[in-house]
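Going in written order, the chains are labelled A, B, C and D, and every chain counts its residues from 1.
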Amino acid sequence: MEQAFIIIERIVIYSVLISALYALVALGFTMIFGVGRVLNLAHGAFLMVGAYTAWFAQQYLHWDLYSAFALAVVVCTLLGVLLYHGLVRHVQRSPIVTLIATLACALIIEELIKIFFTTNTQLLAPFVSGSVEIHKTTVITNRIIAFGASWLAIILFWLFVHRTRWGKVILATAQDQDGAALVGVDVKRVYTLTWALSGALAGIAGFFFASWVKLDPFMWRDPLIISFAIVVVGGLGSLKGSIVAAYLIGLLEVLMTYSPSMRICAADFRCFEFLGSSWVGVSSLLVLIAILFLKPEGLFGRAE
Amino acid sequence: MALLHVENLRKSFGGLMAVKDLSFHVEPGEILGLIGPNGAGKSTVFNLIMGTITPDQGRILFKGRDITHWPTYKIVDAGVARVFQIARYFPRKTVYENVEISAIPNEIFVRSADPRAKTVESCVRTGLCTNEHCPGDDRCLCRSELPGMLPQGGLRRLELARAIGTDPELLLLDEPFAGLSHAEVDEISHLIASLRDEGQTIVLVDHNMRGVMRLVDRIVVLCFGEKIAEGTPEEVARNPQVQEAYLAGGGF
Amino acid sequence: MLTIENLNVYYAKAHVLKNITVRVSPGEFVSLIGPNGAGKTTLFRTISALKEGEGRISFNGAPLPRDPAKVVQLGVIHCPEGRHLFPEMSVKDNLLMGAFRLRNFDPASELEKVYQLFPILRERERQLARTLSGGEQQMLAIGRALMGRPELLLLDEPTLGLAPIVRKAIAEALKQINESGVTILLAEQNVPFALAHAHRVYLLETGVIVKEGTPEEFRADAHVQQVYLGGVS
Amino acid sequence: MSLRTLKFALLGLTVIVAGAVGPFLPSKWMTTLLYAQLFAVYAMGWDILSGMTGQISFGHIFFVAVSGYTAGLLNLYLQWPIWATVPTGVVMAVLAGLLFSVPALRLRGPYFSLVTLILPLAAARLVIILADWTGGELGKFGVTPLCQDSLLNALNGVLLRLGISIDGFRLYQYCNYYFFWMLMAMVGGGLVWLSTSRIGKILEAIRENEEAVEAAGINVAKYKIFAFVVSAFIVGLGGALSVHTNEAVFFNSLLSLTTSIEMIVASVIGGMGTIVGALWGGFLVRGGEQVIKELAQLKLPIGAAGLALSFLERWATLIFFALLLVLLFFARQGLLPLLAGLFRRGRRIRGG
């Protein structure tokens, strides 16, 4: 009984922590779709660039952690603007070409990282090392910091969008592009701003994502899938929906880690594990496919 | 027996009742005018008949069969065709190929009659290509022309040819004169009259009375989703309710 | 004030507007009538730089810039067909967005002017724009355009799909707006509405201006009477 | 000349050239072209669905994997012979296509593409979970070869009687090469025929305006599902056969996301929806890859050039992707339509 309670407590704490990071990971992706109707398949690669920038600054330039973090955010912001002006702006009209082009960008970034930093796994130094006890659950301190930072970023973002002039302009453009142009909004500038913001958010998310897991040239795929899943479950372009969805998917993944797994073994000792931690990634993908089939507009989205 | 029966049709979008307990019928060989100001629900009625949207209530009978919940292609197969107000063509196919799609039967594995003869017939009948253009069919003018090069009147003919290509018993025309010049209006209305003379049953939607007065046999007047009058053009024109709600419209 | 000379506009290969020449003087109320698909909306979109065109468009003597934001900055404000409101924003926020071009203004008094014109909007102030009825949405769209303090107001099909009583209210409002000194260019299919308060009228058919004159001349014209004023009665 | 005749002529020409150059190819290039032919089959399979109907699939490699893993694993663990594994693999791919296509009818544009992109990602995870059987990312060797000793001996006998003597490895290569050459020719012929038939006309029309097709009395869903099934059949066939050529189930050849994207690129470069264009695009992509690799391996002793080329070696894949991006940008219309345009203009000049 005692044991069961501890497991439930752990599931709750871990899923609350990781879900905040997931929401942050998806935030920039959601915004770009919400405002410009563009699905940026290079979003995961943005996170990766952020993570590697911070790591590079620490490892080779011997910068302190805060400067490395700042550099990561700046580099990602510039990357967002660069990708928009160099590529997306010209192909935006065809959603399919945009998908192919942004995916190709992600693969190019993956190649670049392979060339410069090899395929070896790297570790990013955490802000604070060590761990703390919450009741009877041990939690790595850095993850609590990531949780706090994620929520801080989300709240600041929300305040920016709803309380500032330029935030409202972004909202207006998202709701009706022609309408915005006709009250005097420079729509191209708004797009540039959203891509810069999306890059910055990806830089922050990349830093914490990397310090949560690890760095390698393939690390962009998971955040991209998480962003998809969250955005699709939450309804494309809805911030509130995204946060709820992030928590659903975070909970599902943590549950998967702690779910009793079934090991089925053949006579020759070849085994197959049903459920359990190796299913963490598969479960959210399957949920994603199921939702797209059943309710293409997302659980919390309105049909367009 | 009437060709088409619409019974107590009702459809609302959000809180707005677009079609309200509408009933009317279409006799074989006649042209029925469905008239009403913008937003009266005329296009919604066509969408309901074609199965693009499903009604909240009521049914639609075509040749005695209930087609209310059929998919569009099946309704077209049964013999109802629609001409859209805004042409919905295949921009990268030639005019001829555009019409050809309608002449191809809905079968993947069964070998069926050659669609060529029917395609040429539809092109010629709507004046899209004249017989000189298609003597042996192969050097037909329509073969090299893309729809984007056609004038408004030509596009309307293309739409008509595509509809006729499906061998319809009932033809629904959605604002056939919209966006046409004065001369083109005359041409298209001659074309519609000639189709009627060949025995084609037609339902024609328009928001303006004048263009259709001399074409139609009977008129149903819609206003805010409701039928407010029905009868011959003369009867309807005399109807005080029509004059008040539609023609006069409180000054405009 | 607004001069359009020999304007040609194409969609892909289709020639939508052919050699259009239109002039609007300060303080005028000019209507542009014509059937569906004649090119009225295209003309408006070209003026407000949402669409490219060949020809000269000048405003107060200078060529009109080819960037929608800059056109608005000059006080040429387009109230588009289909309204293009911000559906998830409140009525008030929609109106305030309308004043985006103004650097310093007093929101309360500007809002008050719009509420005077359309009192119903005051009641709906906090409601989301998408929850309004069609007529209220149209009033909001006009109100939003007014918040930008237009010198020239371009109104595209404001009566589309509206009940006669609402049309009457909008016609009255347009008259007041014009009398307060705003120049109006109105595109309408509903000819009686377009003629009601206009000083001058253009008739556009398949991309060509076929007639220009006063409302009286239009009412007297046999062709206009037969085709656009419903020769039934 | 009708479009169909033109396409068959271009296809025939390509097939004849590919067949004729075979004996003159050095071993390395023969392998490259062998895989180029396989890839061309994938690209044509993709084109009949995505190029023709406009439902852009990002994850067609999924159907390669379903068929390839089915065939390979049945052969490895149950010792099924080739004549049983390949049809079973293809049937599984077709079933997967059918199962996927019905609910996918609800999805439009980018949503459809997204779901197809997720399929191979999910499959990759499953392959890794089942690594004890599938070999995970490393793959599993020991699949029965397509060209078995008995077949090679028989071939050798025939050739000897004709007075030709070929050494064992070369013969083995020839066998595989011409096997895929035949597959490419048959698939190409079948798909060119289908794409220029009435069915092809309808598939193209669906790409341009679905509503108008429905209004013409045609069941769009039925045709979309049909295209999906044909497409899954073709790429499934290629996948199952490739497993027997490689004599292994390789994660990288059966489930690589890059290959999935390359199918799109091949078809776009060649001209979407033209089939023959996809075939050419397939050769260009695989050939181009090899050319870049070859260039990268050239080590010239002369200063700057030598440096530049050894630099290329590490950058080969990256340069390849960048080139693809550039091609996507500038050759969006595709090679075949470009040629057809020139051809038409030429005829007009001659005629008028």
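The rule we apply is simple: contacts are C-beta pairs under 8 Å (C-beta built on N, C-alpha and C of every residue); 3 or more make two chains touch, one makes a residue touch a chain.
Computed from a predicted structure; not experimentally measured.
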Worksheet entry | Co-neighbours of chain D and chain A - touch as defined | none
Fill in: Shortest chain-hopping distance from chain C out to chain D
2
Practice prompt. Would you identify the chain whose Cα-based centre sits farthest away from the centre of chain B?
Written response: A
Response to the item:
Whole-angstrom distance, CA centroid of chain B to CA centroid of chain C, is 32
Fill in: Chain centre separation in whole Å, for chain C relative to chain A (CA means)
44
Worksheet entry | Rounded Å distance between chain A and chain B, as computed from the means of their C-alpha atoms | 51
Item to complete: Would you please write down the residue numbers of chain D that are in contact with two or more other chains?
Response: none
Worksheet entry | Junction residues of chain B, two or more chains touched | 91
Worksheet item: In chain C, what residues contact two or more other chains?
Response: none
Worksheet item: Each pair of chains that touch: what are they?
Response: A-C, A-D, B-C, B-D
Response to the item:
Touching chain B in the complex, chain C uses residues 12-14, 35-38, 134, 159-165, 167-168, 171, 189-190, 192-193, 196, 205-206, 223, 226-227, 230-233
Worksheet item: Which bits of chain C are touching chain A when the two form their complex?
Response: 48, 50, 67-69, 72-73, 77-80, 83-89, 93, 97-98, 100-101, 144-145, 148
Response to the item:
Interface with chain D, chain A side, in the complex: residues 39, 87, 90-91, 95-97, 99-101, 103-105, 107-108, 111-112, 115, 221, 225, 228, 232, 270-273, 278-279, 281-282, 285-286, 288-289, 292-293, 296
Item to complete: Give every residue of chain D touching chain A within the complex, in rising order.
Response: 56, 58, 103-104, 106-111, 113-115, 118-119, 121-122, 125-126, 128-130, 132-133, 258, 261, 264-265, 268, 314-315, 317-318, 321-322, 324-325, 328-329, 332
Fill in: Of all residues in chain B, those that touch chain C in their complex
38-39, 85-86, 91, 148-149, 152, 175, 177-182, 184, 208-210, 213, 224, 237, 243, 245, 247, 249-252
